[in-house]
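Alright, structures below, take your time with them.
Here chain A shows up in two complexes: once beside chain B, once beside chain C.
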Partner chain A sequence: MNALALPVVLPLLAAFLVRPVGLVSGRLASAFGPLVLLLCAGLLVNIAVLVQGQPVSANIGAFAPPLGIVFYADSIALLFAIVVPVFALLLWPREAMQAGGDRISALMLLLVGAGTGMALSGDLFNLYVFYELLAVASFGLVAASGTARAWAATVRYLLISGFGSVLALIGVALIYAQTGTLNLAQLSEFAPELLANPLGLAAFACLLVGFGVKAELFPVNAWVPEVYATAPKRVSALLAGVVSKLAILVVLRLILLVFDTPEARQLLLVLGLIGLVSGELAAWRARDLPRMLAFSSIGQLGLLFMAMSIPGVPGLVAALAVALHHLLMKPALFLLAERWHGGLENLAGAGRKAPLAAGLFTLFALSLLGVPPLPGFWAKLVLLLGLGEQDALLAQAAIAGVLLMAVVEAHYLFRLVGLLYARNEHDAPPHRMGDLAVASLLGVVLLASMPLLPALAEGLGWMAHQAADVTAYRAVILGSTTAGAAP
Partner chain B sequence: MTMNPPDLISILILGGIGLVAIGAVGMAVSRHLLRLVLALAIAEAGANLLLVLAGYRWDAVAPILAGAGATQPMVDPVPQALVLTAIVIGVGVQALAVALLIRVKEAYGTLDIRELKTLVEHEICGAAGIAPPESANAPGTRQPYPVPATSRESA
Partner chain C sequence: MNLNPLDLLFLIAALNLLAMLIVGSWRGAGILATVLYGAQLLALSEISAPTTASFGFSGFGFTLGWQFDALAWLFAVITVASALVASWYGSGEWLRRFAGNRRLLLSALAANVLAMLMLLGSGDLLTLFVGWEATSWAGFLLMALAGGVAREAALKYLVYAIAGAMALLAALVLLFKAGGSFDFSSAAASLDGMGDAPMWGLILLFLVAFGAKLALLPLHLWQAPAYSETPAPGAVFLGAIVGRMGLFALAVVLVKLIGIADLQALAIPFSFLSAQDLIAWIAALTIILPTYTALKQNDARYLLAWHGIGQGGYMLLGLVLGSALGTAGGLLHMINYAATQATLLMAVFAVQHRIGHTDLNRLGGLVARMPLSFLALLMGIISLAGLPPMSGFVSKWMVYTALLQDGRPLLFLASVIGTLGTILSVYKLIHNMFLGQLRVEHERIDEAPLSMLIPMLACATLAFITGAAPGLVLGWVAAAQGALGLPVLVYTLGGVESPQASLDMLWVVGVLFAGFGVGAILFYGFGGKTQRINQLDNYAGGHFLTTEMRYHYSDNFYAGLMHLIGGWYRGSFHWLESAISSGVRLVATAAGGWYRAVSPGFYLLAGTTLLLAWVLL
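Up next, the complex of A and B:
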């Protein structure tokens, strides 16, 4: 399955071709990026159809694993790999279409190439490299808005991200010193013997915090509010919706394959709970919409980390449900915030001027809260049921935390919905058609998934079973003959 | 004075951890952005050193020196390749950071993180059309005396 490398290679190559193409024809250059993304999305869908749900792997450069780098595509990896170009297309920045937008196009293409690579790679150091590339592309996209406050926010983002990279490198060093390999399949083989010790837990903590920077994990999320408030809203939507999920996917692979220990899961639960509580409380206190969304995003991702702390298939299903729900919600909300970026009290009456936008906002707010018929309810229910299965005191505290924070969430979201429909003259400019169209599309997907929930649940369960099957992962990557052979 | 090799390696590991610690403390306590970038560079150097040490053998030669007929053992080449990549990434990110620092200094005239935080907060609030929060340096309680007009302007 060497075609697996194409959706990663093509955007990376195209990123460096945007400029030369722009010299030939400016119009061609502005269409070049979206066309490449369309091609990538098509390729990935084609692969997904061809493999029919069976996991496949590709050895890069024909070097066999564990020495060579390997790409691995099971249904979860393919799902997230498809999400990256599709959402990049939906959230393609307006500036990239204008004259001189080729730099932003190039950064977007780099982001997509690196993001797809993160979804597919099966090698820890390769993941680190893609992660860094993704980070640099996102620094560029945030800074490209060209305002001084965006530069200052990017510096902060860069420093925190850089510190996370140092931690991730230390984690890689610890793992390599213990096991002598960085191939995830081989690591899964050695982990029970070599990494189920305090040093292994330290390595996991380093990697978790390192990759957690992008996933807005608790101790390293100080960049979130400033960046989301100053970056173009489409970039914020991409960072909160898609980039965070890719970091989550890496953590998910690590916990499934390598660090499947109760201590590691406990760490996830504690950090997730702190993230949830701090994020929701900060969102409650926020006074402008972008930062309210940023803080609530921290809270939602805290929920996601808590879901990942549940062992086995139920935890995976919960994590997937919360992740996909957040993937739909946050980009749409940020698109609506494009025109409603002012302070919350300035939004009084805004909904009467823009009924569609306000209706969509209310829909997303209800689903975010988990009001019963909407998919958000199911995502939270699966999470709570999973936490309820465990009889540890911590899990019970976590359930209490989730329920309590739902009340806080309800308060600040309903306060805003009430403000939107307040009787007040509001003179904000209307939403752009493009933003409203994408937000409506996401809203329609959300509503359409409602009657399909049983089928969706079954599908997610099947994907979770496949992802949790470590022996199959090893067999696909290392081949049945080489499995178990030490280098 | 001779040192037996295991000691040497543990000293190197301690050095790597020390560099990371110096960098981490530097990042925690510095107020100047350039110092933060430098602290990050030191921490990265420490992490790179630790990564090289993951495959280090005191009695071995560099991988490129072990030709086909060489009898000497060579150190593990994988961490060396990884560190090369990590160094390149680190240099690129630091260059980007310094370029951004120049822009920030030009725009705000300061690289002090606390001053910048206040300035950025004011600018974000200004763009959002809401009153900026009270400065972190201001007293928490209401001021009992009327504030002179001059100090209110400079605040």
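Up next, the complex of A and C:
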């Protein structure tokens, strides 16, 4: 299945072609990026249809693993790989394009290529490379608005991100020193023997913190509020919604295949809990909507890390449910925040002028809180029941933390909803049609998933089973080695 | 498709909501809603045996299903009847003059009824949670829609309600872990083998969860402002029944699921008290403290709302006793109080409708202008104070008697102290509003319109009839007791008949009115003369008051009493509430500080060095 490489290679190639195409025709250049993304999405959907849910792998350049570059596509990987170009299309920053020209287009393509690569990669070093590529693209996008505040935020982001990269590299080095391979399938064979020790845990901690920068993990998330507040909202939406999930996917693979130890899971739980509590409380104190959303995003991702700390298939189902829910919510909320920036008290009465936007905001707020029967409730319920199955005191503290933070969340979200509907005159410009359309689309998807919940739950369970099946992972990747080497 | 009465009930309730969403701004929409509530009542009357709804919902391996037993039916009847009365009250002139969003108000009321019916019909714990959340959010909508002060009050309510809902979710997680399912039966089975510590955890979580809605101490601070600032029909509905959903849920989990016997067996460590005593004393404190807070209120709506909190205490107190008489008294008080509070609130909102405010310091003498509203309020306060011949007396008598039979004189004393406070404050209510001299600016006030008077007087009449013949509703109560697995009350049309204590209200009422008759015969028979005097011919402090110099003693009412007990009002709960919110603010500031840190890189580097040192060394 070498077609797997195309959705990664095409955007990367196109990123370098944007400039030359722009020299030929400006209009063509502006359509070029979306067209490539559309093609990638089509390719990925085509692959998903062809493989019919069976995991496949591809060796790039016919170098057999563990030597070559290997791509692995099970249903989770394909799902996230499809999400990247689709959301990039939905959140294509047209407005920033006018200011930044082709550069933004090229950066977006770079982001998509790297992101898809991250979703599909079956090798730790490649993951690291794609991750770095993604980071570079995101720096450029974040600074796109060109204001002084944006530059300052980007420098901060750059520092923390660089720190994370160094740590991730240390983690990679530690693992290589210990096992002599970076292929995830092989690592999963060696891990119980070679990595179930303090050194392995240290390597995991380094990798976790390193990749955690993009996933807004607790100690390395101080960049989040400033960046999301100053970057173009569509870029914030992309970072919070999609990019964070790609980093989560890496951590998920690591914990499933390599570091399936109670200590590693405990680390996830603790950091997730701190992230949740600090994020939600900071959001409660936030004075403007973009920062509030940024902090709440930190909290939600903390929840996601807690879900990943639950062992076995239930934890995976919970993590997938929370991740997909957040993937829908956050971009939509950032799109609504595009026109609703500035102090919160300035938003009094804004909802009366923009009833659709305010209605969507209320819907998303309810789902974010986990009000039944909205999908957010089911995600939270599965998470809580999973945590409840564990006997550790820490798990119980985590349940208490999740529940208490829901109260805090309800207060700050509905304080704002109340403000939106206050009887005040409000004179903000109306939302752009494009933003509203995308937010409405996501809202419709959210509502449509309610009647489909039984099927959805079944699908998530099936994906989780597939992802948790380590033997199958090994068989698909390493099995193809023998097949390839036989002649 | 074959619809059973329960399906029909849900269908009409949903249609009502839909109709209000579509045509809610039409001026006749209130009448349509009233008719539809009547239809729901008819559908309810068709349900005679436990019924299961033929629809359901499933996902993630869980199933939501709805069914009605006698307990759910009892609460549903009161819910729909309250909605009918409230909607009727607000369907005519009131709605035409309502300045807010008509569609929103009517839809919110319909949504509340639907959510509460779903809660009442929950067939398992998860459905209970879903219904609980739905009820909480529908209530929030109803409370918040007036904006301004109401929005602030509703937001505070939301914090308590969500805290309660999350406590319920925690209890559910505990039960699911023990039993592996959300069924009532498997939960009950897993409770049998449960140790003391998790059992206490469960009981406390349930108390927080449902006590927040019932406004049990110390979770009561939100209720009075949130209920009072709601537009009239909403306030009537909220006051009459919505808080009682907490009572219903507590009955389901504490009485049906855990069982009174288990509550009695569960001792508070290092004390001679049991879980049952703890709940009973919480209920008793909920009777006393809010009732005396009501005494200090200067707004009629707030005064009644604070009483609502206290009356909830009587209901829980009766219920937690577990005896046939006590639980019947608690459940009957829910019915009686709904009619009573609806009457009282409708009378007070009628005054607000005509005058524009309910400030007890700026009213007086309205009996001359609004005599029928006065009559309704009079009947209401007699019932609220628990005096014969009104229905409030019956249920309170049952609770008192059950307390004495159960050998709990201190709790009896506590509830009597509560009743004393009630009598004092309802006198303040009727005196400051209707008695004394009429103010000049109210001389041209008219009686409330007929559309408001009819439901008001109907409710007052109901409270009288069910007082004179409690047997009319005691059958429902007895059936609900049966559904809860409690001993069932033996009742007659006039009340209770048992070897220990009997009450026949037909006799009580008969004797009472015969007494009036005898008094009248004596008075007129011996040539007693009556003289009609003008309302403004009055004395105050020994001075004759003329028409020009009007005076109505209302400000600082009960100054003497307050001199005695004023020092007892400490505002401790307000202090507790603000202390908690300050604590959260402090932690939140610290959390925000981390994200504003100037050089996070430095901290990270230090942290990593430490981490690596810890791991490697």
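In the analysis below, the second predicted complex is superposed on the first by the 473 of 487 C-alpha atoms of A that agree within 3 Å, B and C clash if a C-alpha of one lies under 4 Å from a C-alpha of the other, contacts with A are read in each partner's own complex, and residues count from 1 in each chain.
By definition in this document, a residue touches a chain if its C-beta (ideal position, glycine included) is under 8 Å from a C-beta of that chain, and two chains touch if they have at least 3 such contacts.
No experiment lies behind these values; they were computed from the predicted model shown.
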item	value
Touching partner for A:L159 - first (chain B), second (chain C), both, neither	both
Partner touching more residues of chain A, whether chain B or chain C	C
Partner chain in contact with A:V382 - chain B first, chain C second, else both or neither	second
First, second, both or neither for A:L303, with chain B first and chain C second	neither
Which superposed partner A:F125 touches (first chain B, second chain C, both, neither)	first
Partner chain in contact with A:L335 - chain B first, chain C second, else both or neither	neither
First (chain B), second (chain C), both or neither touched by A:I76	neither
Touched partner set for A:A177, first chain B, second chain C, both or neither	first
Footprint overlap on chain A, where chain B in one structure and chain C in the other make contact	159, 163, 167
Residue ranges of chain C in contact with chain A within the complex	57-62, 64, 129-130, 133-134, 137, 140, 144, 147-148, 151, 154-155, 158-159, 162-163, 166-167, 169-170, 173-174, 176-177, 584-585, 587-589, 591-592, 594-595, 597, 600-601, 603-605, 607-608, 611-612, 615-616
Chain C-touching residues of chain A, taken from the complex the two chains share	156, 159-160, 163, 167, 198-199, 201-202, 205, 209, 219-225, 277-279, 281-282, 284-286, 295, 366, 369, 371-373, 377-378, 381-382, 384-385, 387-389, 399-400, 403-404, 406-408, 410-411, 414-415, 418, 421-423, 453-454, 456-457
Chain B to chain A touching residues, read off their complex	20, 23-24, 27, 33, 36-37, 40, 43-44, 46-48, 50-51, 53-55, 76, 78-79, 82, 85-86, 89-90, 92-93, 96-97, 100-101, 103-104, 107-108, 116, 119-120, 123-125, 127-130
Chain A residues within the chain B interface of the complex	125, 129, 132, 135-136, 139, 143, 148-149, 151-155, 158-159, 162-163, 165-167, 169-170, 172-174, 176-177, 180, 182, 226, 229-230, 287-288, 290-291, 341-346
